[in-house]
Amino acid sequence: MTDDTDFPKAVAAAALLQRRYRAETRFRWYGILATALALFFLGAMLISIVIIGHSAFRQTFVKLDIFFDPQILAADGKTDTDSLRRADYPALVRTSLREMFPGVSGRREQRQLYDLVSRGAPDSLREQVVKNPALIGSRASLWLLSSDDVDLFVKGEISRDTPESERQLTDLQLGWAEQIVAQGAADLRFNTAFFTTGDSREPETAGIWGAVAGSFYTLIVTMLLSFPIGVMAAVYLQEFAPKNRITEMIEVNINNLAAVPSIVFGLLGLAVFLNFLQMPRSAPLVGGIVLALMTLPTIIIAARAAILAVPPSIREAALAIGASPMQTAFHHVAPLAAPGMLTGAIIGMARALGETAPLLMIGMVAFIVDIPEGVFDAATVLPVQIFLWADSPERAFVAKMAAGIMVLLTFLIAMNLIAVILRRRFEQKW
Amino acid sequence: MIKKTFLVSAIAASAFACGAQARDQVQIVGSSTVFPFATAVAEEIGKSSGGKTPIVESTGTGGGFKLLCAGAGDNTPDVANASRAIKSSETEQCASNKAGDIIEVKIGYDGIVVANSRSAPQLSLTLKDIFLALAKDVPDADGKTKPNPYKTWKDVNPSLPDAKIEVLGPPPTSGTRDAFVELAMEGGCKTFPWVKALANDYKDAFAKICHSIREDGAFIEAGENDNLIIQKLVANPNAMGVFGFSFLDQNTDKVQGSIVENTEPSFDNIASGAYKVSRPLFFYVKAAHLDTVPGLKLYLAEFISEKAWGPEGYLAGKGLIPMPDEERAKVHSDVAANAKL
Amino acid sequence: MPNSDKIALAAPVLLKDRASAPTGFSDAAFARRRWLRSLWERPVYLLLVLSSLLAILTTIGIVLSLLFESLRFFEQVPLTEFLFGLKWSPQTALRADQVGSSGSFGAVPLFTGTLLISLISLVTAGPIGLFSAVYLAEYAGKKTRDAVKPLLEILAGVPTVIYGFFAALIVAPMLRDAGGFMGVGISSESALAAGLVMGVMIIPIISSLSDDVIASVPNALREASYSLGATQSETIRQVVLPAALPGIVSAMLLAASRAVGETMIVVMAAGLAANLTANPFAAVTTVTVQIVGLLTGDQEFDSPKTLAAFALGLVLFIVTLCLNITAMRVVKKYREKYD
């Protein structure tokens, strides 16, 4: 039907078409670019965390010849646990270092020598002697934890090229460290202590277990509070609530609460629980209650969606055989909605695990070394521990912090995976 | 309604229950300057005694005293660290809140440094320079004051570099702030004769001129976290930071202290008193808790032992400047007698 | 559960009723059982209602506690100074014999700082989130969608302290060095660093919400557009996006609300000094940073310093509430019903 004589118009139309196709391709590429950029940010973050943090999973140990000197350990002949605990174990380490590098004199140089080994190293000696007092008087070649600076050197992060004043190791210490490595007396081992001990002032002895236990207890409190209440509220709102203004207000409230900044919950916790009710600071109990209030809207919304997904025919069948609405809700609908509710709860817990701001307000920022053993013991949580390590000066804490982030991310990914698997296994297509 | 009150009272009951049971863990609050030393001692006794490690929180000296003096109960802390001596108003507060006897323990000395990143040039300052750079109102020659007009260090003293004045320092809750104000700011302030004359008779006016720090953005209150100040100094070579010597000592590879009144801030200079801006460090123990909180006496005994605070002790390794031998022995015997160790 | 199972479950009840009549299980006994059941069910019903009311109780608790402390604050500092004052210097003296700051509580620099960082984050996340949503909804195949969507969800699930670490230790120094290289002075705590990372954090919010909205636009509209000869991009630009616009705007508002209330990223990466500026290279501080700063340390509930934190919290709560309500209203009012 095209008029062949109208050539210029056809050319113009073809040109326009080409432009439109090019615009189309460009638009499509914007989309790909945007998605790729978002994924790139994710990848960059994860990769940088792994690069910075992987070195924290290995720790340097140095081999020292330790003489369990009875003069130091049991000078007055007492070998009961208490006296053995209080003996001067650092002296054993110092003697051993002096034997390893004879000719070091002067207080300053000797201090530098002693700084090669971790301040926590004598503790392993203490534990060994207390467990086995027969060691007193013997000699043994033991692997002890090195200081964080020697650890950085062995991992290759300190070089001779930087001027001495800008290095964590002096020239002398660098020389000794190089000697130790050359003798084969330095070994990089897997840092099991990271997973079994609590926080410490020294980076080489700091571990994440205290924070993990604290997170565990806090999440238990959160779960015990928010899951039952959330499920009950969702059941009520979906099954029983009449469609009036009050119900609408409750629903609007829940939606708003889900979007309130977490720091406001921290303020609530501070004003009501700490100030008004005088509850203990730094305890997982208060942290758990605050986090429960925060996760409640999420669980209610997820549970409502799960209950909504159960088809009406189930309810009608239950009612038809004489069940009361309550029995229908709890014996028929809720069990069928349970996988969805559980998934929502796990995802809510995962979010609560990563929360830091509200816990900063209620005092979970103290230096706590012991592993908490209950809900009332003072504790800190994983994200707060990461935050605290970010503020510490020692260079080695940076790697520890990144390692802590990796542990946190592992837990989160595991929880999300469990939620996804649960959903896939128990999902019912009606 | 009944269910709601039951729920609330259940939570409250549990709260009171855990408040009522005697605490089995020592609670320490206070100065961020003393924090590294307190945590070192806490960790040491935790490991050697096998008991619970004390909990240490960095609230600032002023905040620490407020918490300590809030009363004598179990929900108040046992020890308050301080980077300055307790003031009379705080002692009165303790008395009026019936907090009981407070035992003062001096633990050593500390210098206050004005530091910057090693990638910037080291400055040589006088107390007058420091005062003129940071005061809110600067006095002029004829008995009047004007708002601080100096924007760069060069304005203050032509021999200093032409860099914007940007100083990160402690907030009023910090004992370091009080000590810095009394030692450095006052020292510089007194170089104006007419201001010095006010010191005896017109204390309020004197304090107002000499203690007020500028609020136009050149002085930034950086909270109780001295480590954060160091990180910000490294990130911003133009900025200066005010904090305790121990933090400088632990980070000599990153920051350097400015020379003040021709004296380098070093261990020896502070110990000998040559570095002028230095002050003693303390902690204060609530006597009433010595017998009720397990581990408190142990903490006290460990802190005042040679192993900890002596010249060979581990606290010196963390940057604490020990007291001279005779002073150490005297404080040790006084405290041991007071606390019935 | 297949129907046969349901009947099997119901069988005992049915059969029992059937069997009860001849064995003499009287109507009265049955009525009594039903009365017992309702006796137990009443308290449970009450429990359900109370659980739902807990949401309202929490909101009331938040509002009351914030309001109460804020009112005490406004007794000491006038509301106009707080809302319109330009000087923020809250570190007042702790004791009578101490000289601290003059205690000006003008919060405008905090509001502008929050606004600056949130704006930067929206400018970053908006195009990326929207375009990736468009791509995933319209162009991507099922395999790509299934692979990419969960990955974007991961971005949403990463705790903010990790973003804060990333911003403070990696992005901010990089920007500072880049600025030095180009001769532009970028602060080591620039609003740009915090804003960029915050933008990355809110990409998934915009992306997944927009994706849902775009996917819910009925295909009939698209097909009508194609039948007129439009290319896919023209369809998207002129038909789909306008139809999905209320949902997209709502997503942006929700993302803005999240950005305004964010704490950890700015605590770790933004500055501490109140700075009234629109320069993204300068260091600014936000409302949330100041709340954290005012409340760690001295915790006495009498000083205007501590109470100021609650006043700031109240402002934050009201602003995010308004943004959320507006977001919901926009969707409700402007959404077209296609069925």
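Per-chain numbering from 1; labels A, B and C assigned in written order.
Convention: a residue touches a chain if its C-beta (ideal position, glycine included) is under 8 Å from a C-beta of that chain, and two chains touch if they have at least 3 such contacts.
Just so we're clear, the structure is a prediction, and the values are computed from it rather than from any experiment.
Undergrad: Compare the CA centroid of chain C with every other chain's and tell me the farthest one.
TA: Comparing chain centres, B lies farthest from chain C.
Undergrad: Quick one: most central chain, C-alpha centroids?
TA: The most central chain, going by mean C-alpha position, is A.
Undergrad: With contacts counted as C-beta pairs, which pair of chains has the highest total?
TA: Ranked by contacting C-beta pairs, first place goes to A-C.
Undergrad: What is the distance, in whole Å, between the centres of chain A and chain C, each centre taken as the mean of its C-alpha atoms?
TA: So the centroids are 22 Å from each other.
Undergrad: Taking each chain's centre as the mean position of its Cα atoms, how many Å separate chain B from chain C?
TA: The separation of the two C-alpha centroids amounts to 39 Å.
Undergrad: Mind checking the centre-to-centre distance between chain A and chain B? Centres are C-alpha means, answer in whole Å.
TA: 31
Undergrad: Got the chain C residues that touch at least 2 other chains?
TA: Within chain C, the residues that touch at least two other chains are 47, 53, 296, 299.
Undergrad: Note the residues in chain A that touch 2 or more other chains, in rising order.
TA: Counting only residues that touch two or more other chains, chain A contributes 365.
Undergrad: Can you list the residues on chain C that touch chain A in the complex?
TA: It is residues 1, 6, 10, 13-14, 17, 37-38, 41, 44-45, 47-49, 51-56, 58-59, 61-62, 65-66, 68-69, 127-132, 134-136, 138-140, 148, 151-152, 154-155, 157-166, 168-170, 200, 203-204, 207, 231-234, 236-237, 254, 257-258, 260-264, 267-268, 288, 291-292, 295-296, 299, 301, 309-310, 313, 316-317, 320-321, 324-325, 328 of chain C that touch chain A.
Undergrad: Which residues of chain A touch chain C once you look at their complex with the stated criterion?
TA: 20-21, 23-24, 26-28, 30-35, 37-39, 41-42, 45, 48-49, 52, 228-230, 232-233, 235-237, 240-241, 249-250, 252-257, 259-265, 267-268, 270-272, 275, 293, 296-297, 300, 314, 317-318, 321-324, 326-327, 336, 350-351, 353-357, 360-361, 365, 383, 386-387, 390, 398, 401-402, 405, 408-409, 412-413, 416
Undergrad: Where on chain B does chain A make contact in their complex?
TA: 11-12, 14-16, 18-19, 25, 35-36, 39-40, 42-43, 46-50, 52-53, 55-58, 75, 118, 225, 227-228, 230-231, 247, 250-254, 256, 307, 311-312, 314, 317
Undergrad: Which of the residues in chain C come into contact with chain B in the complex?
TA: Residues 43, 46-47, 50, 53, 57, 87, 89, 91-102, 104, 172-173, 176, 187-189, 271-275, 293, 296-300 of chain C touch chain B in their complex.
Undergrad: Inside the complex, what are the residues of chain A that reach chain B?
TA: Touching chain B from chain A are residues 85-86, 88, 90, 107, 111, 115, 119-120, 123, 126, 165-168, 200-201, 273, 277-280, 282-283, 285, 289, 363, 365-370, 376-378, 391-394.
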